[in-house]
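Next come two complexes, and both contain subunit A; in the first it sits with subunit B, in the second with subunit C.
== the complex of A and B ==
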């Protein structure tokens, strides 16, 4: 059963939920609801992103977006655990995992809130690059919401800022690569064939980012 | 209203329930806490176990890197990462103990050993934690440069965290020493850390061909 009150608390009172995770108080229902929020929020946002191309792309993106989110959290949780411990927060893995899940839930709930606005942007016929930008802005806002929970969850103490910086770096790198290997979500203009995964060999996400920077540089 | 309290109650009042045990802080007794700090009074055997755990955790990171080529590379790379840590523990730290003795630093062999194993545990924990992410990168990234940057980046991060732990512990012990010893330690500790970094990177360069791109 979904605990709407808990999801509401994750949005309204992240400090309290983060403290419960840290103190290991009833983390099983928190984790269960967080998982649901991650899956539902990311799937809906993915479906909206896929709606730009339409057809099977809606289902593909709705399926892949939660996979990226959950896969990234699974891969990042051990790293978060190690980094937090190295900087004076030697918590149990359960604590770290529940904190990561709750932050992920807050991220997905913000994506869920952004989904109607993105859909309207698509429906009004916004160009491809505007939709890419709108989706990126939604991701940025969701990231900030998750980060604020994480900041509260880490509590005060030495090494807090370094820990946060490392968490964010690891999450961005792993999330970027996970998203890259499961692309496409939006599709490209003029694309006829829709595939679940692309067959193009384009290097990794880091290579593509470097290429983009080089193209933008004067 | 007059109230007459009964001098001897016929029925003994029920005993108050025993007080609930004090809530144990989750952060104070975790396995991680034991690994990184542990008790100060235990002996060499406990420090040996801590080092063995650190080696085991770092082995996971090496095995993850080896997944890029699979087969024997998993095994050789799994050994390569602990080799760098062991090189520092077995070659650099004994040399550093002589330097500390020359500086008359109030650090005995056991204290230095404990600082070393704790630093190794910090590095091992970070490397073990980064192993799943490393596996994702080495398996899915096509170009070598990303793998090199990611691999050496993780090793440098773990090394920096270990260096921080080591220098803090040595610094605490030297804090009460004479000004001469403190001044010498202020030179020797950073010099040791530079030496340890170069030594471990050299070992990684030889033992981790996937990261260097040399096949």
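== the complex of A and C ==
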């Protein structure tokens, strides 16, 4: 059963949820609901992104976006645990995993909130590169929301900023690479055949974002 | 090792964790099955939760409130000792209040210990009721489960309400102590103090009444 009140608290009272994760009490329902929020939020956002191309791309993107999110968290959780322990937070793996999941849930819920705006942008006929940047901005906002929860969750103490910097770096590297491996989500302009995965060599995420900025620059 | 090998290994560990979840996890059959299915693809982040023995949220121990009350009582008695208003709040009155608070705190401790035992878990009772309703169990079985849940929720609410009442009593006694100090040094009347003492007794009676056993016969 989905606890809507808990999801609401993740958005509106992240400090309280983060504290519950740290206390490691009754965290199983928090983790279960966070996993649901991650999967549902990312799937819906993926579906909206895929709507630019339409057709099967909607289903493909809706399937792949949660895979990226969950895959990234699965790959990052052990590293987060190690980093937290190395910088003075010798917490249980469950505590670290619950914090990561709740931060991921907040990320996905913000993506879900941004989905209607992105959908409207697509519906109004915005160009490909504008959609790509709008999606990146939504990701950025979601990342900031997740980061604020993580900052609260780590609490005060020595090594806090280093821990946060390492968490963010690890998440960006693993998440960026996972997303890149499972692309495309938006599709390519003029492309008729829609593939679940692509084997094209197009540089990296940073290169593509830079390309979009250049395209939009006057 | 290729990606396929890695995925196969990942899947094997996932299935092993799912089996462990089925064998170990508490709860209804439906929730255990759902948890096991979830474990296969998500074992690195879900298995630590699914396999862990749930740690219940500890019921707010009344000890902190009791300590505050005892401290406030001692301070109140001390603040009027040897003054003309010493009778308003004598050591005897303080001892009687402390005794009543001690009874209530002991009963709250008993309830907290009871709640920690198996069979007194509200979440488990709620899950059982949901499971029975999902399985379309006979109405009388569902009614019994519902009654059990309602009783547990009521017990929980009662405990929480009395924990809060102890906190409020502690605050009231702290206010009383300040009032007594004021009455002594500002030379004000003991009327306000008397009202506060009456309020303390009223609160204590309210607390005690909630825990009085039902009359027999």
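The definition used in the following text is that the second predicted complex is superposed on the first by the 200 of 218 C-alpha atoms of A that agree within 3 Å, B and C clash if a C-alpha of one lies under 4 Å from a C-alpha of the other, contacts with A are read in each partner's own complex, and residues count from 1 in each chain.
The definition used in the following text is that contacts are C-beta pairs under 8 Å (C-beta built on N, C-alpha and C of every residue); 3 or more make two chains touch, one makes a residue touch a chain.
Computed from a predicted structure; not experimentally measured.
Once chain A of one complex is fitted onto chain A of the other, the partner contacts of A:178 are limited to subunit B, with no touch recorded for subunit C. In the overlay built on the shared chain, the residue A:78 is in contact with subunit B and with subunit C. Applying the stated contact rule after C-alpha superposition, one finds that A:24 touches each of subunit B and subunit C.
In the superposition on chain A, A:86 makes contact with subunit B only, while subunit C stays out of contact range.
Partner contacting the larger number of subunit A residues, of subunit B and subunit C: B. Of the two partner chains placed by superposition, A:45 touches none, neither subunit B nor subunit C. Shared-chain residue A:207: touches subunit B; no touch with subunit C. In the superposition on chain A, the residues of subunit A contacted by subunit B and by subunit C overlap at 24, 74, 78, 92. Taken in their complex, subunit A has these residues touching subunit B: 22-24, 74-76, 78-83, 85-87, 89-92, 95, 166, 170, 173-174, 177-178, 180-181, 201, 203-204, 206-207. Contact residues of subunit A toward subunit C in the complex are 1, 24-29, 31-32, 35, 70, 73-74, 77-78, 92-94, 97-98, 100-101. In the complex of the two chains, the subunit B residues touching subunit A come out as 26-27, 30-33, 35-37, 122, 125-133, 136-137, 140-143, 145-146, 149-150, 157, 161, 165. Within the complex formed with subunit A, the residues of subunit C that make contact are 38, 41-42, 44-46, 48-50, 52, 54-58, 123, 130.
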